[in-house]
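Next, two complexes with chain A in common: one pairs it with chain B, the other with chain C.
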Partner chain A sequence: MSRIILQDIKKSFKKTAVLHGIDLEIQDGSFTVLLGPSGCGKSTLLRIIAGLEKQDAGRLIIGNEDVSGLEPQDRDIAMVFQNYALYPHMNVRKNIEYGLKAKRVPKEERQQRIDSVVKLVQLEDQLDKLPAQMSGGQRQRVALARAIVKRPRAFLMDEPLSNLDAKLRSQMRVEIASLHKHLGTTFLYVTHDQVEAMSMGTHIVVLNGGSIMQQGTPREIYTNPQNLFVAQFIGSPPANVLKFGDHYAAIRPEEIYFQPDVGRRLTLKGEVQAREHLGGETLYYVMTEYGRMVVKGDHFWDDDSQTVQMYFSEQSVMFFDQQENRTEVQPDILALFSHNAQEAVS
Partner chain B sequence: MSEIALPLEQISVRRPSVVKTVLKRATPFLFLAPALLLVLFWVYRPLVETFALSTKQWNMNPNVEPINVGLDNFRYIFTHPDFLQAVLNTAIYILAMLPFSVIIPMILAIVTNNLSNRAKNIYRALFFLPMIMPPVAISAVWRWLMHPVNGLINSILIKMGLIEEGIRFLSDENMVLFSIVIIAGWKMIGFSTLMFSAGLTGIDKSYYEAASVDGHRRWKQTLSITIPLLSPTIMLMIMMSVLMTAQWTFAYIDVLTQGGPAGASTNVYYLLWTYGFKNFNSGLSAAAAVVFFIGFGLLALLFTRLTRKIAFYDN
Partner chain C sequence: MELQMEPTAPAAKQKRLRWGTGGKHLLLILLCLFAIFPIYWMVISSFKGAGEIFNNSLLPSSWSLENYTYAMEAIDIVGMTANTLVMALSQTILQLCTAVMAAYALTRWDFAGSKLIYALFSLTWLVPFQAIMIPNYTTIVGMGFRDSLMGVIVPNMASAFAILSLYPSFKSFPKALIEAGVMDKMSACGVLFKLILPNIKSSIVSLGILLFINSWNDYFWPALIISQGQTTLQLGLRSFMSAELTSWGPLMAASVLASLPILILYLIIQKQVIQSFVKWGIK
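And then the complex of A and B:
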């Protein structure tokens, strides 16, 4: 169990800079998710922490030890790879045992640890199988078991669920999150899927273009995005962004309603261009005089009215300045919506 | 179950014509035909003729009719010491060749695999160079290198004080076979290294990353990951080496020693060639060929079985 501290980590491949000086403290025992679109440098950062890539500059501390110059063998961490990287010629038992052999764990203890870990990931009856004889979900569990059995200082996971089908993925999300609770070790998890980040992480670090955009708890990231990128990256669908002069206003699709209510003092009129029925809810694509907006609402299967009135609260509107950073409430923009509200009433 | 009412009399069944069906079935064979005909003419026809010739006596004079001698040729072969010596020599050739076709190339490929692309390509070009040189030219150079009096190897060894007088590499009956192996092996290293390098590029890098994170140093990774995953290439090269060493050494035997001294460097192919094209006893030559065909065929069968058992294929 260890915290991980990154100080001004920089990395370029040839002439392309992928990490522009990352400063980050990953708390001991946290489930920290590195979240960002592809190419944002999140995997590179993870591989630098593992020691599989060498940083160009910066310090890396795991626990109380500066590991900046150490080989992966000496960092006492475990990693789960996107393609699992199970040794194809070794059966499940040998795959799990391989890391323990390097640590020179005595045979009896190896046996004991393997037995308890396969119970944990429910692979007791699969020990003699080769990876090729197993399903994707089972391989995933072997990869997890191989990491857990080493009792490392930290677990690094590089998009471990991206090769699974949707149903299995949501099942494994729950399992990995409960595994973290059970083990209490630091988890560092890389993903581009914000659902994984929101549902599993205790901390989220949003990366874009090799820089940290925001870090915080899932709640902070969702309710209080510090910049336009985070507002537009988090949430499904992401926040609606309307441009007013040199400011932006953003409203989450789930905070817009078609019925007036106490507190929903703002309103906007629009034309429904398309509907996506998702079963439990419906996405409405609405064109307004300020731009297109998405509204997440209840399903009205039979309702096909074209003109709609949308209602939302003043607190639900987030403002960003020209540099796309979060800024204070802009009353003149809010006034545009309340003006509409009066119109709607009259 | 719901039933769909179909007005049956309105449904007509259409089938393709017989000619069309036949043409369609024949198409793949037509595509294969040129290659098949060539193989039939150049491989299987001579094979059948060899089997037929092995029971005859014939000096290859077109005006002379071959005489039927039954199994006499085979009797001669199995009772003649030449044949036994050639088979024994071939076995030694095969064993002595394995370091050059498997062990050294595998080490070279593994050692050069982690170099930068440029260095890797330079090394591989150097290893491969002997492969594209004609055997007769190679023989000429090695004959000079191995000359007992003026040869470079001997003069270096003498200057270093390791030996008193020159080693007769190609005329000492205890040396000659190994001298031939060194020459043929030197040529084979390049090809084998290339095969092993290709095998190495087929191994996913992430296995090594996982092994590094698992705490294993590079040499341990080589033993526990590289070599098991190279097993198909290893088995292929062993099989090729066993089946083809007699062919690979043929040219050097012919140019440098003619099988001598006293048959010390002959092998099975050189022997059957001697029977046919020096003694003009084509029946005997064909009989030897039949024996070797069956012998090597059995070996090949054994190896394919063994490969299926031992080699691990990572799909």
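And then the complex of A and C:
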């Protein structure tokens, strides 16, 4: 059992409160992603779990053990750092081996473990290289290997892909996700990139301003945001938000269409202000009488019509109250968009 | 017009550049001569006979070794070299040790008063030697170290300059690396010896060279402490000088011998020496 339980974790730097009492249970074997904009406290939370930062209040339990007061090296967890933090004066083998030596693992077993881990991260022929002689992607693999070889109770990863270029990043996303499947150990992964969170995580914890905004599976987070922040943070581009009196209505750009269809019972007229052709799809920036909206649609390279009619379903509209929390369907707002669907289809 | 101007402009620029570098080289050559001449003069004077010593000739008319034999007989050059070596080496090693410890403590932990201590170190460096030599002298004499190498070494066991020089290397050492080490079960000592020091080796070595040369050349403090006991080379040279008569020939010969070890050291590790002077921004 290596679930991680946080109870009312608080942290301030000088007089600035960074974490306002975090309660969280990270399931054993899950790939949990701490997601949020920079400054939301996600890295601090990870560092507190690692023991590199001391919480001002609250308890931290790993497995069944209260580790709140333990030093980082006694928590039996491994960390992968943003800039890899490989020992520059040691070659790959020594970098991977160091943690095992410190744990007093006998030489033969060390050898075995290193052999299997380098195979896992495909570094078999790189063992004698120094970190400075390797590319960013390879260094990242070494950093992963160094963590994996220790067989910790949990892996903590602090934006490990942010220093890689876009192509390598998407490749490593797949690799890290399959590593997690292979190892079955708890992964706790910090990122500000919602694509990483959605694609790799089995659980996502969205943080903002030192508080948890929502947690759940990627599907729950995407389809059922509990507040306006999550709706606007998740999705690329994020959900369109329109303000109506005391309430907000939000619609995802990919759930708006330019063609009528059964079920798309709502409609809105707008003026296209800009188009962003992304190849496979196009982003349309449309000004409506309620505000600007983004629509993600098929590309029509030659179509440059200015006035468009947008169609969407009633289920695709999410409502939030004045406190920006999710609220029940507001029929009077829906009424503003409604039209006779039958008429549109015919 | 414009078409004609274009090809001439780069040529003029090139010409100016040539004159510029030429002038710079000339200046550098002059400065080099300026620096080398005293050494050259010392060496050739040491080979001049007694009659020639005040001569302006750039080469001795006959090369003689009498100054060297005289100097060797007059003072115990081998013994003095050994004393100087002991003094310079132990000062260098001790100063490096204390500087490493101090810089590590100051940069790794944010303890109460760390800023104050750093400020005090900086201030110590600014206090001129002349201001503290008398108090230091009475302290050392009180400890019973008068007329011994110990007395020379003890106040030089720590150097504010060394601490301040190493401080930036420690300060700029990546925090994440230290944290990675901590997560790998490195102790505070482990982080210092297995992680930081191997990676700032070149800074340590170049600072060491600088400290060694400084200690080797030290004259005033040893002169205060040592009267006849464990004399260092720089003090030995003094015995050729007096108010009435200075025996220039043997003095120059002894000076050559005194600078020989440093010169040899310099030739062996020339590159690092230059780097360390550049690095710490001196001379």
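Details
Definition applied: the second predicted complex is superposed on the first by the 337 of 346 C-alpha atoms of A that agree within 3 Å, B and C clash if a C-alpha of one lies under 4 Å from a C-alpha of the other, contacts with A are read in each partner's own complex, and residues count from 1 in each chain.
Definition applied: a residue touches a chain if its C-beta (ideal position, glycine included) is under 8 Å from a C-beta of that chain, and two chains touch if they have at least 3 such contacts.
Fair warning: this is a prediction, and the values are worked out from it, not measured in the lab.
Once the two complexes are overlaid through chain A, chain B and chain C clash, as defined at the top of the document.
In the overlay built on the shared chain, the residue A:F81 is in contact with chain B and with chain C. When the shared chain is aligned, chain B comes close enough to touch A:A132, but chain C does not. Once chain A of one complex is fitted onto chain A of the other, the partner contacts of A:G99 extend to both chain B and chain C. Of the two partner chains placed by superposition, A:C40 touches none, neither chain B nor chain C. In the superposition on chain A, A:L52 makes contact with both chain B and chain C. When the two structures are aligned on the shared chain, A:P72 is found in touch with chain B and with chain C. By the touch criterion defined above, A:V121 lies against neither chain B nor chain C after alignment on the C-alpha atoms of chain A.
Across the superposed pair, chain B and chain C both touch chain A at residues 50, 52, 71-73, 77-79, 81, 83, 85-89, 98-99, 102-103, 146. Residue ranges of chain A in contact with chain C, taken from their complex: 50, 52, 71-73, 77-79, 81-83, 85-89, 98-99, 102-103, 146.
Across the interface of their complex, chain B is touched by residues 50-52, 71-73, 75, 77-79, 81, 83, 85-89, 98-99, 101-103, 132, 146, 150 of chain A.
Here chain B touches chain A in the complex through residues 204, 206-207, 209-217, 220, 224-225, 228-229, 312, 314-315, going by the rule given at the top. Taken in their complex, chain C has these residues touching chain A: 174, 176-177, 179-186, 195, 198-199.
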